[in-house]
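Per-chain residue numbering starts at 1, and chain names A, B, C and D are given in the order in which the chains are listed.
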Amino acid sequence: MPGNSFGKIFRITTFGESHGPAVGVVVDGVPAGLRLSQEDLEFELSFRRPGRLYVSGRREKDVPEILSGVYNGRTTGSPIAIVVKNTDVISSFYEEVKVKPRPGHADLPFIMRYGYENWDYRGGGRSSARETVGRVAAGAIAKKLLMFHDTWIAGRLKSLGPVDSPPADFLQILCSKYSPVRASDPETEAKFQELVKQATVEGDSYGGVAEIVVKNPPAGLGEPVFDKIKADLAKAILSIPAVTGFEYGLGFQASRMKGSEANDSIVRKGERLGWRENKSGGILGGITTGEDIVVRCSFKPTSSIRKPQGTVDLRTGEPAEISVLGRHDPAVAIRGVSVAESMVALTLVDHSLRSGVIPPVKLEERQAEVIEDRWRRYMEECRPTAESQS
Amino acid sequence: MPGNSFGKIFRITTFGESHGPAVGVVVDGVPAGLRLSQEDLEFELSFRRPGRLYVSGRREKDVPEILSGVYNGRTTGSPIAIVVKNTDVISSFYEEVKVKPRPGHADLPFIMRYGYENWDYRGGGRSSARETVGRVAAGAIAKKLLMFHDTWIAGRLKSLGPVDSPPADFLQILCSKYSPVRASDPETEAKFQELVKQATVEGDSYGGVAEIVVKNPPAGLGEPVFDKIKADLAKAILSIPAVTGFEYGLGFQASRMKGSEANDSIVRKGERLGWRENKSGGILGGITTGEDIVVRCSFKPTSSIRKPQGTVDLRTGEPAEISVLGRHDPAVAIRGVSVAESMVALTLVDHSLRSGVIPPVKLEERQAEVIEDRWRRYMEECRPTAESQS
Amino acid sequence: MPGNSFGKIFRITTFGESHGPAVGVVVDGVPAGLRLSQEDLEFELSFRRPGRLYVSGRREKDVPEILSGVYNGRTTGSPIAIVVKNTDVISSFYEEVKVKPRPGHADLPFIMRYGYENWDYRGGGRSSARETVGRVAAGAIAKKLLMFHDTWIAGRLKSLGPVDSPPADFLQILCSKYSPVRASDPETEAKFQELVKQATVEGDSYGGVAEIVVKNPPAGLGEPVFDKIKADLAKAILSIPAVTGFEYGLGFQASRMKGSEANDSIVRKGERLGWRENKSGGILGGITTGEDIVVRCSFKPTSSIRKPQGTVDLRTGEPAEISVLGRHDPAVAIRGVSVAESMVALTLVDHSLRSGVIPPVKLEERQAEVIEDRWRRYMEECRPTAESQS
Amino acid sequence: MPGNSFGKIFRITTFGESHGPAVGVVVDGVPAGLRLSQEDLEFELSFRRPGRLYVSGRREKDVPEILSGVYNGRTTGSPIAIVVKNTDVISSFYEEVKVKPRPGHADLPFIMRYGYENWDYRGGGRSSARETVGRVAAGAIAKKLLMFHDTWIAGRLKSLGPVDSPPADFLQILCSKYSPVRASDPETEAKFQELVKQATVEGDSYGGVAEIVVKNPPAGLGEPVFDKIKADLAKAILSIPAVTGFEYGLGFQASRMKGSEANDSIVRKGERLGWRENKSGGILGGITTGEDIVVRCSFKPTSSIRKPQGTVDLRTGEPAEISVLGRHDPAVAIRGVSVAESMVALTLVDHSLRSGVIPPVKLEERQAEVIEDRWRRYMEECRPTAESQS
């Protein structure tokens, strides 16, 4: 049964394997009239791109080719197919993986599910994080369309291994885009970098926690009962490779509290009603409250590490060791922040369409122009400041 | 857009409000030939029933009336409609809620979404946990059908407020069904009970963490990319009222680890390959490994508490206080365990059908009989032992 | 896999068997604020009710009990469960059917699919046209909600067996509701009645063609490519028992024409553009043009007839004859008109919501009042005139 | 809302515009292990290819590039993305269409729906029949996978304008693939060719009826109630551009019959039960009976004709005439046969997977080999015989 699509109205379908000819995505359900260019996609793709310091060394330019659904710089209401060619593929590393499935990886489960003969083991095949290129490209369209309601999305790496960050405001989180380790302040950035270097030297890796914040979400999003916004966010986030947990607002901390501590007073906030401390992370009863949405997720450490680990040789059935070569992130959580942002954006835009906040068929000219203005401001505002340009 | 259905092949649709005539569920996609009786449903419903010590005092017998889809004690392949009448309704408590929305509750978000005029405020209306009756009734069918593969599901309250449990084996977890506070051992049970009593006296409530274990799941379940089993479990669990977080295997703990710590060696286990310590909670690459599935979720404390909290009087727009009366659980996590079990069962049975592990149209006679035998054993085995019958 | 639901946003799930305790429907996705009463449902149900002259003699009052989703006469945005008890059940007729499957009926296919042991043969079980009670009840809500855009739906029996009707205007078609044979003029009514009487005497039955017209549909409905409005209408109509064909506009006639004959000039119609003769039945490119939608469907003759027909005795495998007793319509097409109207309404309301023509979450007070006024006028206008009250 | 996908388990999503860079399809839900090559796709694509006599003169090689989901000649269970570049694009013909929407075409409805500014008018944009390339490529995979159950699908042009065909057996219908006008016998072929030539000379076009036959379908396919096989076939067929009607078995003819004429006796056929004359076209109660499935659909005449037709000049709002140039089929029904076959195949394979007749996750080696053998025989058997190679 097909599992490669996400969303009910703004619906994406990704395709492609790590070492196949290309990866890509078809985005269906985008209203007509949105201005859209290759540059819009490249802007967001640049923040998950490998080949930079502190992340995987695979060198991919990730040029998103738009094959359909855009004419004269505007969306037409037809599905938007985006293809990104794979150019820097080295499959030789994987000959060992082919006979020694990696611990902590999808190798053996894929064999169990689809059969050894049908397994594309090269670069992790379909289970590779390279699949997320399509999510980030589609996420760029989602983020742009959310400008309809002036909703902005930003993420940061909140903790890496044992190192945690101090609280940060929205602008700091937004500017973490330009930190090579997605830190929201210079001190934390230095500590994260140190950890990454250490892991690289040791042939090991680190886990981390990403935090995503949605500024100015529409109130009233989320469908009782099963399509609560928190449920759809959880699914979106847990669909990301290496994510092992999800929480929003107080999250797991709430389980240790009393009701009188966890509850949050309702108060007047100018014209509208709101919540004093936004303890519930912008969601109550599965419905957005209009306060900022705050979600966090846990990434496990990259499972492909140089350090030898125990496995079984599939040819002999005997115990074996594998030391995974190839080019891998020392901490998938770093590039994972971009993917998590995208998944939150895709969930929010889908629910905005479901709830009628964004028109489903076409944007008026004026609406499209307002979106374009906000989007330019967004691309501008999260430019790196002098301090964060380490 | 409809949000009251869950599942792709084994698909449930719940309906009903807390103080309306009835709650219920339609279960579509059940193969023909399964033996099914009202008693099967009542067995599971008995563990989420209110009106007992340590939980809400509302007295509901929760008799599930089967209106369709079963003939001569067998499912026919047609949708199974189950209705449970609401009998013990006291709406008078809610006249104050009508003008003073409760902090931490869905009252105000429902008003924001659907409009004040259209809001059924009585007993929380559609946002009431009473909706979960339908999930547990459907969950009973799911659990029974999972016996096809001899897959068993059990849950316990792992922690309540600040009190945590020691590790427990599957049978202990199964037998927690008969603990009034869903504890898996007598010492923890005593501590949990103490906490609940204290909260009741204080007019307060506690949060908690539920843990659900799946014994002997089929290997190879879960669809790359978006319908990973972990993603669908996360959605299932976060769709439960009051749940604020989800994790599986090492969960959030993995974010603080190195790869060499979080990875788990692949080893021979008799005829099959497996994982030494099952650190990944039975799921890798979003696919079941055949090891036990272990998930945990965080419940926030019941938001309806007697202790006065700040809100706004909707008539005047002025700050106000509310002391919530009515009959509420001192810790929703206790009865939440049953609901979480049901959601895990519904997810697993759906994926078992999606992956062709269970036949989608009809069971052979022999298959149905094997299921019946296992189900009887299941109902037998989790009977309370002397010790747990406190 | 579940097949008992229809619609993406306005989504219905029907349940129930002919001789089970009840039939019913859950309607999910209805915006909050619509005024809705049991009378609204009964109005539409009255036109498919059996127990009258010229149709099945089964006497069912068809009282629709609303179990959820409506509070104080308004929809709340929650799913609306409607249950209709089966009261006049005589299963004894079916003991013969149990061993001699009826030609032209679903008996043998159900056995092939679900297994003989699991087959509810009483009254046709799930394949009985009694299932359509739920469709008509849900169709009443759909028709009412379509009043948002002042869209009206009406149907008539265009031909019965060899007898065809002359053209009719919308009001005539609307008033056919009060003709016992759904004829749109008195002369045709007399001829249809004659045919029905003759068929009854002969122990035989007749087929017919229903025609459904949608007055003032929104322009621009229908999603390229697969969810064209014509495709979703075709599915809706073919899902009705006994329907064997569907066409819209020129339909099959177009296949014999030249392009210069079948094309229709585009012309100015006051402020808007339109089509001179509406040859395409209100649909072009799968999208509504704003002109009236005209669809027709073919009903085969009732397959349950008294005349003896050849079958096989399942006990012996030998050829046998069956003369079907029980209470059956001499022409299912007559009551089928109501069902076809309902399916068209369900399709149109779903697409109106999909395209943002009707708000998906809630109606404003003023909007709900306008709907109510139009609905009252609708119920009034299609009251029988003196002439049609034969 | 997305409308560019079809199928629940075997799910396709098409994309691309007539004059954009490419058209294509993503096929999700194909089990692993199926042998698949570019040649398999090209075989089926060759029968809908333009640039030949009697059809559109546009010269497209239609080379299907497989971007994902196939490794070492086997499907991997991952989505299969197929891209076909558009190479022979002449947009200049469409400058007139841009201001004078064509009668009988989707031009004006697209403008009504998506807005004039966002309309890709070149070559019909998304509404062009060029979109069906993706359907036929996906249909090739569907047809091949149906060989699992030895189910074969074939189609012919039954009538063109006023000329009808005599009955034909399955092999004749299969071999119509090699008739340039999809005729099933030489006499009819000559008549069809004459009509096409005449229409070309006149600058006009003809409608026609396609007939699709499914040999040896699995019995028991189709889900009561809404996902009846006849309902899903109707949707599939009506989603094809220019189709105006659908029927199966006796179709509209049944509406003029008595029950005793339309019913079909149940008889023993060797080991199994069957129906004497297959009057119901292989479907009863919406479920396949195991007899051959027979469906027909009406294509209207190509709406783009050279003969002048009335329209409105969008610049002035004044009446105007348009004589459509560009390269168009004189009868879309001819190439439409391939598309209709594909849609039937997509529907059947989806229901075969839904009902568990084909395994959803992977094929065993032996199963894949049997499929491959049957497929080779299929490609061989419908090679043109001497007679049909006119």
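Just so we're on the same page, contacts are C-beta pairs under 8 Å (C-beta built on N, C-alpha and C of every residue); 3 or more make two chains touch, one makes a residue touch a chain.
Chains and their UniProt names: A, B, C, D = Chorismate synthase.
The structure displayed is predicted, hence computed values, not measured ones.
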Of C-D and B-C, pair with higher C-beta contact tally: C-D
Pick the pair from A-D, A-B or B-D whose contact list overlaps the A-C contact list by over half. B-D
Centroid from C-alpha atoms only, then distance subunit B to subunit D, rounded to Å. What do you get? 46
Averaging over Cα atoms per chain, report the distance between subunit C and subunit D in Å. 28
How many Å are there between the centre of subunit B and the centre of subunit C, using C-alpha atoms for each centre? 39
Would you give the residues of subunit D that are in contact with at least 2 other chains, written as numbers and ranges? 1-5, 8-9, 14, 77-78, 113, 126, 220, 224, 354-355, 360-361
Write out the stretch or stretches of subunit B touching subunit A in their complex. 1-6, 8-9, 14, 101, 103-110, 112-113, 126-127, 131, 159, 161-162, 199, 202, 204-209, 219-220, 222-228, 230-239, 241, 243-268, 273, 275-276, 280, 284-290, 298-305, 307, 309-312, 317, 319, 333, 354-355
What part of subunit C is in contact with subunit B in the complex they form? 1-5, 8-9, 11, 13-17, 20-24, 26, 28-29, 32-33, 65, 67-69, 71, 74-81, 83, 113-115, 117-120, 125-126, 353, 360-362, 365
Can you check the complex and tell me which residues of subunit A touch subunit C? 8, 77-78, 220, 224, 354-356, 359-361
